[in-house]
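We call the chains A, B and C, going by the order they appear; numbering starts again at 1 in every chain.
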Amino acid sequence: MRNPQLNSNGELTHLLTVEGLPRAILTHILDTAESFVPLADRDIKKVPLLRGKSVFNLFFENSTRTRTTFEIAAKRLSADVYNLNINASSASKGESLLDTINNLSAMQADLFVVRHASSGAPHLIAQHAAPHVHVVNAGDGRHAHPTQGLLDMYTIRHYKKDFTKLRVAIVGDILHSRVARSDIHALTTLGVPEVRAIGPLTLLPSGLEQMGVRVFTDMNEGLKDVDVVIMLRLQNERMRGALLPSAQEYFKHYGLTQEKLALAKPDAIVMHPGPMNRGVEIDSSVADGKQAVILNQVTFGIAVRMAVMSIVAGA
Amino acid sequence: MRNPQLNSNGELTHLLTVEGLPRAILTHILDTAESFVPLADRDIKKVPLLRGKSVFNLFFENSTRTRTTFEIAAKRLSADVYNLNINASSASKGESLLDTINNLSAMQADLFVVRHASSGAPHLIAQHAAPHVHVVNAGDGRHAHPTQGLLDMYTIRHYKKDFTKLRVAIVGDILHSRVARSDIHALTTLGVPEVRAIGPLTLLPSGLEQMGVRVFTDMNEGLKDVDVVIMLRLQNERMRGALLPSAQEYFKHYGLTQEKLALAKPDAIVMHPGPMNRGVEIDSSVADGKQAVILNQVTFGIAVRMAVMSIVAGA
Amino acid sequence: MRNPQLNSNGELTHLLTVEGLPRAILTHILDTAESFVPLADRDIKKVPLLRGKSVFNLFFENSTRTRTTFEIAAKRLSADVYNLNINASSASKGESLLDTINNLSAMQADLFVVRHASSGAPHLIAQHAAPHVHVVNAGDGRHAHPTQGLLDMYTIRHYKKDFTKLRVAIVGDILHSRVARSDIHALTTLGVPEVRAIGPLTLLPSGLEQMGVRVFTDMNEGLKDVDVVIMLRLQNERMRGALLPSAQEYFKHYGLTQEKLALAKPDAIVMHPGPMNRGVEIDSSVADGKQAVILNQVTFGIAVRMAVMSIVAGA
């Protein structure tokens, strides 16, 4: 069976998940993003690659921040952008998801950016959308968040150059994190020899070892000599739930402090997908410290989203 | 008294209702729309006809879908578009509708697209707006939805060419439908010799015969030998209300099935303004069948709205 | 200590408050605005001064009208505009204001337009934002609303030419009004010799005399021989509160009627920041009368906001 993200020439036509994408495609996205990064320093930060194209932000799940990054990326490519909060609209009128999608396709959309609480919704949409429509997953359930995964890869490559010599640790609520899932697939595909997952047993999914990941429940052990630390956001509902005793307890064991960070390599970088819970998963001194590249991730994220959109929907 | 939609040269300056518009104006809109349809296949789907103009989407009643079609049409004409959800704003501060409109006019609006739950609100706005402001009705109460009426006419002309030889049936909740009202006026003006209304007595308004419409309560009789079937959406509130026994009962009598459709001419087309209630007013096999042109209506709708906007607000 | 609104060359880099801005800066803004006013009569109402720049409307407090005026101004300068309703987003995820701002800065914002219920929030943001980001205050708590103050000055200069010969009365709820505060600072800086504040004692703040303002509780005395009357909106909550007996009582004493207006100079102009409470602070015959320049304020407001944005963020 053909990868549903690639067309018959093996080119990327949708971005649904990092899983199963060949290394050449990932590298092509990162290289394309690199060509967009210098735009940020220009007076006019726009290129005409998607001029006259229509990008629809279909956010079935609200996320102003992610929606804004895609809107920026699309406008910098000179596309016209339409923001649709779908919950408030047709869904409430009893129309099916596919009828909604067919309708929007009929408005001559070129690209759907889809955020949905249900895993697999972007796949379903890509499967049924008209042939001229491209789909980019902006986060679906616990499944995938491929542009976040790719911008994490961009950030790592920017600071560390060579993936094939790295130890990367992902810390926190791996179980519920679509970011972690996307990161693990991307790191593995790009040749990172050692990927570590660190967290309490209740927040570690089964099957990590089969994906080639080393699992640690002791953060001090897990951070030892790593080049990259990717901290995950602890959702508020987890702090009150049955899976964790308390936010304080969590911080004590898995919050990234200067002291714990000292166990990593001296030039290790600290990443976080945001928004951060300071004092829960990360100490403020680390978040604002020299090793943090958290805001750079945001900046690179615009270039990476421009790359993805221009590759799938470009002429 | 002069038609408030026409200027002193008899040119369209507002689009408030199809009622009372001369055939030449309707035909001009359809012809103009036809010139925009090929844009959809171009790489850059834009024309500069409204460049630098300001289009305000004033939606006093929420409708993401209709708002989006106008936003697309305006941006393809290169206008700047401002989306205002008026409920959430000045209305709650006790300001009058006319003060709100005067304020927005003073911001040098060129075109107001107005959706309002009260019949006549767009007329009132057109009457009081500054002379440089044009008004397009995007649906007011039960009164009119002229761009939907016009896109229906465009669709019929596209598939049937000659209006003067057609039998057209409109099926469902005629009583509460602004679409039905706009369609009937447009069909009559364009010379359709036989317009039929089909529905239960409780959903048929009085006065249809005076408008030249043949009324049927039996769908099998009403569909016989028609060229066009326009299905109407059954609002959810009707299904539970006093006017109808149940959605199931409604479907049995007035839902469009393959079997009922076979009574129409073999090349009859099936239309629906959306969003559809599959299994209530239309069977899925018909909605997705060969005779359905429902998604084409959506595509043509963009061109028709471009035509209307460029005619009223163009240089 | 340097004025945080000026850069090291003494040029305006943020607009946070009118207080403390030198007369030359205010005059420069008004002159720049004057150059934009004729755009309104052109077919294409745009200039490329902010082409490729990103303007973020950060409205922590909802205001469709003010947000729209900034959106129009930014688009007429050819900027890309992003509307963020921040309440609905990161704030609810527990992220700090400064983390939100840092994130948006990292998306290469050029200009933040900030509306916030807390006095001083725009200052805080300007202090912490990246050096390439400019901040314009669109209203913070009871503190300041500088673009409203400036458009009021533009309007006065337009009709009265010379500030140094004027008597200007501000009428109503001075205590809670950021508009009044901004107007008083601007009028004083621009050399208006007599600024009057008129209102019930409960709605007059202390310290007005120290700002050089003459205080009146009797409206008939206060309006005598003034050139300009600036009416303030009476917030709904004040009408029911402990500070005022009733809206009727308020109108009797401080509502602007034709009769009271006759006490001012015959060519006095009447201003109001909107939205108006007709029959509460202003009689309809005055609001729609010959001396009212209320809608002109709105029109000039677009030009003034274009001026401010192009000055702080222009190349």
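Methods note: contacts are C-beta pairs under 8 Å (C-beta built on N, C-alpha and C of every residue); 3 or more make two chains touch, one makes a residue touch a chain.
Fair warning: this is a prediction, and the values are worked out from it, not measured in the lab.
Enquirer: Please report the smallest number of touch steps linking chain A to chain C.
Expert: Contact-graph shortest path, chain A to chain C, evaluates to 1.
Enquirer: Chain B-chain C contact: same residues or different, taking over half shared as same?
Expert: different
Enquirer: Using CA atom averages as chain centres, what separation in Å is found between chain B and chain C?
Expert: Averaging C-alpha atoms per chain gives centres 41 Å apart.
Enquirer: Which residues does chain C have that touch at least 2 chains other than itself?
Expert: In chain C, no residue touches two or more other chains.
Enquirer: Give the list of chain C residues in touch with chain B in this complex.
Expert: 40, 42-46, 62-65, 68-69, 71-72, 75-76, 236, 274-278, 295-296, 298-299, 302
Enquirer: Under the stated contact criterion, what part of chain B meets chain C in this complex?
Expert: Contacts found on chain B: 51-54, 80, 82, 84-86, 88-90, 93-96, 99-100, 102-108, 315.
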